[in-house]
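Please find the structures below.
Shared between the two complexes below is chain A, which has chain B as its partner in the first and chain C in the second.
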Partner chain A sequence: MAEPRAGFWQRLQQIPRYYVYLLMAAVVIWQILFPIPLPIAPSSATQGVYDAISAVPDDKLILISTDWDASTNAETGPQTEAIVHACLQNDKRFAIMNLHPPMGVKLANDIAEQVAEQYGAEYGVDWCNWGYKYGFANVLIAMAKNIPKTIGDDFYGTPVAELSMMQGVEDIESIGLVIEITGLATITETWIGLIQGVYGTPFASAYTAVMAPGYYPFLDSGQMQGMLVGAKGAAEMEALVTRPAKASVIMNVQSWAHVLIILLIVIGNLGFVLARGPRGQGAP
Partner chain B sequence: MNPEIAILWGGAIATLGVYTILYRENPVSRLFEHIFVGLSAGYLIVFIWTQNLEGRWWKPMIHEGRWYWVFAPVVGLLFYFIYSRRLLWLARLVMGLFFGIAAGYFFRTFFPIYSPQIYACFKPLRADPQIGWSDVVLHNWLFVIILFTVLSYFFFSVSHEGRFGRTLGRSALLGRWFLMIAFGAMFGNTVMARISLFIGRVQFLLSDWIGSFIPWFAGRGV
Partner chain C sequence: MWDSIQSVFQPTTSPPQLYRNLAVALIGSFVLLALLHRFLGPRGRRWLIAFVTFVGGLYLGLEYFLPVRTAVLWPTAIPNPNPDRGANLLTPGIEPVGIMMSVIGAFTVGLGIYSLCQVHGRSLGQRRPGWHNSLAFFLAMVAMLVFGFWAHYLPKVDEASAVMPVPRAIYEMLFSGLFMPLQAATFSLLAFYIASAAYRAFRIRTAEAGLMMAAAFIVMIGQVPVGAWVTSGLPTTGALAFFRLEALGEWIMTWLNAPAQRGIVFGVAIGGLAMSLRIWLSLERGTFFSEQG
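Let's look at the complex of A and B:
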């Protein structure tokens, strides 16, 4: 005997996942091609990163640890770009380095080169790239005592001690702010446990949205000056540096994608409640 | 062929290939997954050599007369004695060394990481000229209530019977609700992150790839 045909409300709970994917793709493409802009208001966490950058004394460097790779590029790439803009707009010298994964140092280098060109900033004078340094905690412990000896050569193979911006840079006291950009857990704990918590070096961060909730206690306790949360944080930073770019587009599209998700959740739950009937008959 | 065009096409084909997983498990998706893993592994090896070993180990050993660096990899190779029953103790030596380092590292970093967060739990619960009532009630009291109820959820040594036990049980139930709200916020962030990655890929496909042969698309979404 044939199965009785599912009612309308039951079918609402069983929308094939392909339709959900297609709907999502359609909304994303629609908003990329014909955007309906929504306002972006910087949060206090994002403002904290910007303020920490602008408060760095002129005789100190900002160290940007770009510990991300291609898999999180959509979030961490725009974060890196917006942070580099903030550094150069505030006339702060910065160095890029990478603990893991190594792909981040190349991707961040490309971003820094492009942004530096817009400001006429020169490699070795206004910014430099210390390269990928393997060893996590060992690198940080050694770097705190002697930066040129620990880092050795930069990304291009030049000894960092020969770069003009590195003259006078000796140990962790020469660093005015560490900014950690990552999609990996535990690297922050290494920075805070070995550098911020020991030497009091100001620390700020930029995380993928997945991992950010776990790091709010660090923000609340004052261990972090600020935090960029995913593409949202990057878009907010783009608003602060008045350079709306990729993340602003992502967040606009994202808002409409979230509207779709909320609608689908409401429809699914409505179907669930109404399919049960007034006394719960017809519940699956 | 212009290498940049080849890279664009390679990126686009790889992106679409990986996304075929949305239909179902298939060899095309697997192929690109393996290519990505292989590329990452190869990249890691090259970067460990060019950015680390070459400058900090090979050059000093070969060109600067520090011949004793030749013994550095020997210590690392001791790990491989794990495959020999007779010489296993050599592997244990180096493992013991690493356990010691890890324990010392954990001990050293524990207090700088967690003690400021414990201090931050002590919040003023009375308003003063610096903190208004709204801040105290909305932030500090709420924080302390959530802190105690969640801690009570993880307090398993008392059964939820009797007057004290029942009070603890109600507190634990409230704590569980707060935890559920926190997990919901985390899941919401996870959804946001995944969609961001998808949007990033669609931006690439539309603006960079399709935009390379249909100029109308170029620059859209950037």
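Let's look at the complex of A and C:
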């Protein structure tokens, strides 16, 4: 009788991977088609980003550095959208720019255009896009001293100095808040090292969930005013601006996907422990 | 003299002057590189690269650390572009140096394209295994380049009334309809791999593994709304509020994760400083000179 029992527990540890893939696909499709509404309560980190946006003086710009591409669009796209909503709801002017990877500038531009239309916000007056700027740290160093010269032309090829919202914008003192949205490491360190640390410009960020744990020390030290953590952060910001959208749906999917992963781990370990028997016999 | 140096780096708005400057800069650069290549031996090249690296690092370091608004560091003979803001003697050079570095960096894009074309061209020409991937690379690159530039240089039209021009429509189809979904789909496959890998690899063999799993479960559930829903019966204030899953998850991230991450950040920063010094002083010779013997 012992053999078949051990075989069962062994098999419990070796569910074929295509069943696991199918289960995951089923959970994702189920939650997209028939979502179970779940409560979303903003965390203090998300609230920090919203408060930082609200606190920007009217004569200063918010600079949103959209350093992401399609691979992280599921998290950074909704983050960008929710942040643009927060800026426009608070009547703050903002500029988009992109350091790396270059495609982020177009993706963010499409989002900003759609959101701006909802508020009747005008390009060049309420918001603008400084475009992709090659040079990374060099751009930040030079921009801190002279924004119009460093940026040059905007996304559409118009000199930024000609945009009405850019009148009076000279250097980093004209920026009231920098928001970094990215799925790439080291960009934040450069912003903090060359801009926030040197000039004291308020800084907030939005990261993919997988990289966010590495940036809690900056939040803790006060160098960061707030932080959006993955799709969760985006969903929380959507709740704050009362515009539930893509991130809220993603959080439903992610919730049950996490539950599935936990269940799979528990099943695997149950098989592992029980296959060993009471004294560890038969352990693989 | 200072003004004339600065004027070299000012953008020009006149097309003839722009093309003349471009031609002079390109021909001058090629002549200079050819002369250096002809007359400098490997040893001389090493010293030249080491010298330029050292001067570049020294300039940026001094500009960052030197104090501002002192008579010694700002002689009255040189006009101060930002008298009210922090600036020292070296500050006016930051912008041209930044532009120069960006231009040099931009050449690496060309170098990258050249290298890719060389590798894939050889693979295609010799019909090596997987040559069809090289063909896909060339088709994709040419299509994006042609339609990207074509769409960019089309005359601007009134967007409200006009139908999207064909080149722009094709570019949008390639970028938003093909490239973006392909990249997003590739990344989203991670969800399936993570589920399978976690199920297969995560076994509680030791007490430490058990501890890690407990923390992982709390964070995984605490970071999603289902966690808040599971413990929604607990009060939001008072001692019991700590045991709400979202609060426990945040506590792990800020009280356990953050100090460990801070330690890593310090370690990486010190390592980075040491590495920067080695590169600045050209002691990291394996990086630059290993090919030259």
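Just so it is clear, the second predicted complex is superposed on the first by the 278 of 284 C-alpha atoms of A that agree within 3 Å, B and C clash if a C-alpha of one lies under 4 Å from a C-alpha of the other, contacts with A are read in each partner's own complex, and residues count from 1 in each chain.
In this section, a contact is a pair of C-beta atoms (placed from the backbone, for glycine too) under 8 Å apart; a residue touches a chain by one contact, two chains touch by 3 or more.
Keep in mind that this is a model prediction, so the values were computed, not measured.
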Combined model on chain A where chain B meets chain C, clash or fit: clash
Which superposed partner A:Val125 touches (first chain B, second chain C, both, neither): neither
Contacts of A:Leu270 with chain B and chain C, given as first, second, both or neither: neither
Chain B versus chain C as contact partner of A:Pro39, first or second or both or neither: second
Partner chain(s) touched by A:Lys232 [first = chain B, second = chain C, both, neither]: both
Touching partner for A:Ala55 - first (chain B), second (chain C), both, neither: neither
First, second, both or neither for A:Pro213, with chain B first and chain C second: both
First (chain B), second (chain C), both or neither touched by A:Gln254: both
Which superposed partner A:Ala185 touches (first chain B, second chain C, both, neither): neither
First (chain B), second (chain C), both or neither touched by A:Ile29: first
On chain A, the residue positions that both chain B and chain C contact, one per complex: 21, 24-25, 28, 69, 71-74, 103, 134-135, 152, 209, 213-214, 217, 220, 229-230, 232, 254, 257-258, 261
Parts of chain C lying in touch with chain A, wherever the complex brings them together: 11, 60, 81-82, 85, 87, 91, 94-95, 97-99, 101-102, 105-106, 175-176, 179-181, 183-184, 186-188, 191-192, 194-196, 198-200, 202-204, 213, 217, 220-221, 223-229, 232, 246, 250, 253-254, 257-259, 261-262, 264-265
Residue ranges of chain A in contact with chain B within the complex: 18, 21, 24-25, 28-29, 32-33, 69, 71-75, 77, 101-103, 105, 131-135, 137, 152-153, 155, 157, 189-190, 192-194, 196-198, 208-210, 212-214, 217-218, 220-223, 229-232, 245-246, 249-250, 253-254, 257-258, 261
Residue ranges of chain B in contact with chain A within the complex: 22-23, 40, 43-44, 47-48, 50-52, 55-56, 105, 108-113, 116-117, 119-120, 182, 185-186, 189-203, 206-207, 217, 220-222
Chain A - residues contacting chain C, complex: 15, 17, 20-21, 23-25, 28, 38-41, 43-44, 69-74, 103, 106-107, 110, 134-135, 138-139, 141-142, 145-146, 149-150, 152, 171, 173, 209, 213-217, 219-220, 229-230, 232, 235, 251-252, 254-262, 264-265, 267-269, 272-273
